[in-house]
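Multiple structures follow.
Two complexes come next, and they have one chain in common, subunit A, joined by subunit B in the first and subunit C in the second.
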Partner chain A sequence: MKEKSREARNYRLKSAFTPYGFILPASLTILLLVVYPILYGVYISFFDTNLVNKWNFVGLRYYLRALTDSSFLHSLWKTMVFTVTVVGGHFLFGFIFASILNLKIKFRTLFRGILILPWLFPDVVIAYLFKWILNTQGGIINALLMHYHVVRVPVGWLSTSATALPCVILVSIWKGYPLVMVQILAGIQTVSTEMYEAAKIDGANAWQRFCYITIPALKPILTTILILDTVWVFKQFTLIWLMTSGGPGSSTMVSAIEIYKNAFSYFKYGLASAQSVYVLVICYLIGVVFRRLLRDD
Partner chain B sequence: MKKRNAALAMSTLLWAGSVLSACGSSGTQPTAAAPAETMTTAAPADSTQGTAETADGTYDVAGAGQVSLDVMITSLGDSDGGPYLRGVMDSYMAMYPNVKLNPVECSMNDLYTTLITQATAGTLPDIFTMSEAYSANCLEMGMSTDRLAELLGEQYMNGIIDAAIENATVDGTLVYMPWQNNTTAMVYRKDLFAEKGIEAPKTWDEFLTAAKTLTEDTDSDGTPDRYGCVFAGTRNDSAESRFQTFALTFGCDFVTANGDGTYTSGFGTEEYKNAMTAFVNIAANEGVTPAGFVETGYSEAYTMIAADRACMFFSASNVLGGIYNANPEMRGKMGSFPMPTAPGVAPVTSFSSVGMTISSTCKNPEVAADFLKYMTSVENSVAWNEATCRLPVVRDALTAICENDEAYAGFAAASENAVIYPAFAGLAELRDISGECWQTVVSEGVSIEDALATAASKAEEVAKSHSN
Partner chain C sequence: MTKKSKDKLVLTLGYSILIIGCLLVLLPLSWMVITSLKSMADITLSRGLALFPSGPTLENFVNIWKEYPIAAYIKNSVITVGGSTLFSVACAALCGYGVSRYEFKGKEFLLSFLLVTQMFPAVMKIIPYYKILCTVHLNNTRIGLLIVYASFSIPFCTWMMYGYFKSIPTGLDEAARVDGSSAFNTFFKIVLPIAMPGLVATVIYAFLQNWNEYMFASVLMSADEKKTITYAISTMADAYKIQWNYLMCAAIISSMPTLVVFVAMQKYLIAGMTAGAVKE
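Up next, the complex of A and B:
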């Protein structure tokens, strides 16, 4: 009897701890690669430090300075503009192309392959590609415009404040729409055709079918992509840095570049970390707000 | 000052640790390239591991046992300098089979980020590139050995030009071994100057006149296709440090040390205003530079000269290497002259250097120093110049190069009036403020007065934040 109860106790203990054993590797990985860097970043934000041998505690000084720093606030505004337009563009083109690819058209597989190409190129390749396409001296856009006498002198697409940000936005949209397109296409293909047929019989037009069948069916997918895409775009660095380095002036100075410059050009690690914490909070809030707004009732 | 002393104490401790762990033994082995020079390094006084010092006070590399050194020199990744440097490393290893040199590539743009990461992780390479822009931080962080001058030896140090030693020294400590001589001068198309009968300009007014004469519509399509000059206007340190030299020729110092630990910015001065106004006018308003000044970086600038689309550009001598690589036909057509100046300002230019240092964690600093001396011997410095067009700081090599190639005459003349910037940790910020200033004027249409006022206010803040 005693033996049986010991076995039962051992079994209960084993059952209780086994799940923890399964999640331990993943938990440790997350702790080491996600939680620790974030906490270390927060820790740094309280110090005037060179990360090696100078650690002067400054409390919340950098948090307060970031809030009154016109450059940082300006960069946040630019980031907002960039994020809203790029994410909007991703969804617009993602929906359009996904809808087209969902039709029974000739060479659908070929078009699908072509449309997904921008996503397959690394950011660096795209940035340099467009930097040269848009280059004032010898860029193909200017060459064409001048050849057809649209302009007399080359346009400084990336060297003029008025055009630099729109150019970077367009390139970012071009680079990022395929991900949204693929997700939406996958979602659309899961919607039952019977529902569309039933709606058709009930007299619903294409727009009504889109609004009352497609969108609700895609809502869980859309919420996920919207949150992920917004946060990714909010943190965009590579494309902008390689195309304009935040210039001309500060017309494309998004927060990621501002933070990078503070950390790795001016060696102000504490200030850069405090600014990063603000960006982290903003990204988290974006996720919370979107989840609330798009909650599936 | 106390912080600096603390950093020094820390680097001394680190050095002591590295010395205690260093290994060595006795014997004599001459260095092939420069036997007399490379055998002058003294072994550490407190070395406890054998007698690596020979009877004549030189360091015995062959007897140092198995040595492995990580060498992170930014030029290793260059198409011209990289293969040459690897060749030098191979020949050193052939000479000393007990020494293994491991090349580590890192671009100049990523250097400081990489070093910070390595210093934080305790994985600094044994030898790494360093420049005056970061030397104060390097010393403060205790990244480099604080007995570099001792390791290199007095005889070797005497062979380096004084400005280079001064440039690489912070608070009395030689932070890095200077190697590349980055005296700034104007490179120009010598053949076109001769064709048009233009003399080398001495003032910026004369420069502008020359640039206007050189700006031509060679294919008669109604728009110029060869411009008098090209200016770098991108918002990065390469272009921004060039502007600092430009400002110098207007009598403007970016920052002045007051001697009491405080600094004053020069951005609010009339000289800075004149420099910025002239810079913007020449680069963007006078029609003597190709369109897209704000997009034009160093590589775009020398490519335009190589492609016969521009005639003058101010830079260090390595620009000649870029031009010749892009278009070998330009050899023999290029010349150089000292930087023009504003009226009333005596000839002046900037001197800066890039070099190498030995990390405070290096276990074989004597071998590292011996390799560096081999690498920068007179013969190797001349060969390095042939490969890259970079001028060295080794006096005899510099003389030999300038005497043999007329294209460097302007750099040699300019170096007589070269000045060194004060070691100021906020220099990168001040330079960036200048970059932002000209970019907002040129690309956003902000008035120069408003841009200057903003720049002056930001610069004053930077000067204040770095004052004790």
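Up next, the complex of A and C:
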């Protein structure tokens, strides 16, 4: 009898630890390689440092400076514009394509396969491809425009302030919509067709079915994807860096590039870290706000 | 309008949009292929819109293979990305299963923290990673980058696996546990095989994400023989004069693995996402 109760206690003890056993490897890696670096980054933001032998404590000076620094505020504004348009584009095209792919169409696999393609190419490849397409010397867009006498001299799409940001935005939308499309497509397919049939019988039109069945059913997926896509785009670096490096002037200087330049071109590690903390806080707030707004009531 | 003709209109509109979309995707990509088949003379001297004044050529592919250690770059990428994918998916599957099947202290925190990790600016992590890897003498090593990449993909992969495991009824686990199977065995032998589509979708995601990574490879793998293929492309372009045909060749070569992985596994990807999806 005693033996049995001990066994039961052992079992209970063991099962209390079981979940921690499962989450241990992931948690440990995240702790070491995500939490520690971030804390270290916050630590650096309080110092005027070269990371080797100069460590002067400056308190909150860099945080105050970042707030009054017009180039940083400007980069945040650019990031805002970039994020809103790019995420909007991702969801617009993601929704359109996913809805059509969900109709009874022929060659669905082929269409889907082609539409997913941009997602499969590395950012580096896409950045150089469009740099080449938009190039002033030999770029196909300029060659076509000149051939049909639309323009007389090649347009510097990426070297003119007015066109650089729109170009970068379009390329980012082109590169990123497939992930949203796939997620929405996956979500739509889990909505039972019976609900649509029932709604049809009740006389709901396509738009009403979309608003009252599709959207609510997709809400949980949409919330997560919207948050993730927004913070991913907010932090976009590679595409912009390789296409324009933030230029011309500061027309495509989003905060990720501003911070990168401060750290690795001007070696202002403390300032760059303080600016990163601001970006982190902004991204976190975006997540909180979206969750509040889209919460299931 | 009758219902039938309306349906037809919707379908026609749908096809038109799909075809326009596909063209917008395929035209830029085909320009990449066309450029890679051009000789340098055709690129610098080409007038008008003739595609191949002196005929398409495969010599660019031969030449860059001779001039750059492409094979070594690919090997670096395969080892770091392949290794990190296996490692992170293993961690993510365990963690996702634990979170989906058990109640424990800190579960809610863990789940929301996984989302929060996606918000840390990557730039902020570069400096600490660089310092840490230097301290443990892992900078410029494939294993160093492998661990860093794993830390990038674990959070979202865990989230994906969690979503998938949630969609599998717990009845099976309970039956297995009653039959005396240990917790780990239940996970490994009973639930994991059912979760295969979700697992494959997660593998594809992790592989794509890390294969495409640029910023960290550029800072942490500066030695030429350690470069990953993705980063190596950008250094080819940094040279005095950009040879677009070479660059597009390298671009195609570097994109092949992800295309192959995707084509081979796309059936599972959609199935995996459909059943699990990433939901809260």
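Remarks
Following the convention adopted for this analysis, the second predicted complex is superposed on the first by the 274 of 297 C-alpha atoms of A that agree within 3 Å, B and C clash if a C-alpha of one lies under 4 Å from a C-alpha of the other, contacts with A are read in each partner's own complex, and residues count from 1 in each chain.
The rule is simple: a residue touches a chain if its C-beta (ideal position, glycine included) is under 8 Å from a C-beta of that chain, and two chains touch if they have at least 3 such contacts.
Since the structure is predicted, the reported quantities are computational estimates derived from the model, not experimental observations.
Of the two partner chains placed around the shared chain by superposition, neither subunit B nor subunit C is touched by A:233. By the document's definition of touching, neither partner reaches A:98: not subunit B, not subunit C.
In the superposed model, A:168 lies in contact with neither subunit B nor subunit C.
When the shared chain is aligned, subunit B comes close enough to touch A:159, but subunit C does not. Contacts of A:51 after superposition on the shared chain: both subunit B and subunit C are touched. In the superposition on chain A, contact of A:271 is made with neither subunit B nor subunit C. The partner of subunit A that touches more of its residues, comparing subunit B with subunit C, is C. Contact with neither subunit B nor subunit C is seen for A:76 once the two complexes are overlaid on the shared chain. Look at A:130: by the touch rule set out above, it reaches subunit C but stays clear of subunit B.
Contacts of subunit A with subunit B, set against its contacts with subunit C after fitting on chain A, overlap at residues 51, 135, 264.
By the touch criterion given at the top, residues 15-16, 18-27, 29-30, 32-34, 36-38, 40-41, 44, 51, 93, 96-97, 100-101, 103-105, 111-125, 128-130, 132-133, 135, 138, 140, 143-144, 147, 174, 182-183, 185-187, 189-190, 206, 220-221, 223-225, 227-228, 231-232, 235, 237-238, 241-242, 255-256, 259-260, 263-264, 269, 272-273, 276-277, 279-280, 283-284, 286-287 of subunit A touch subunit C in their complex. Those residues of subunit B that touch subunit A in the shared complex are 3, 6-7, 10, 112-113, 116, 119-120, 137, 140-143, 223, 234-237, 290-296, 300, 304, 309, 425-426, 428-429, 432, 435-436, 439-440, 442-446. For subunit A in complex with subunit B, the residues that touch the partner chain are 50-54, 135-137, 153-154, 156, 158-161, 164, 245-251, 261, 264-267. The residues of subunit C lying in touch with subunit A in their complex are 10-11, 14-15, 17-18, 21-22, 24-26, 28-29, 31-32, 35, 43-44, 46, 48-49, 88, 90-92, 94-95, 97-99, 101-104, 107, 110, 113-129, 131-132, 147-148, 150-151, 154-156, 158-159, 183-184, 187, 208, 211-212, 214-215, 219, 230-231, 233-234, 237, 244, 247-248, 251, 254-255, 258-259, 262-263, 266, 269-270, 273-275, 277-280.
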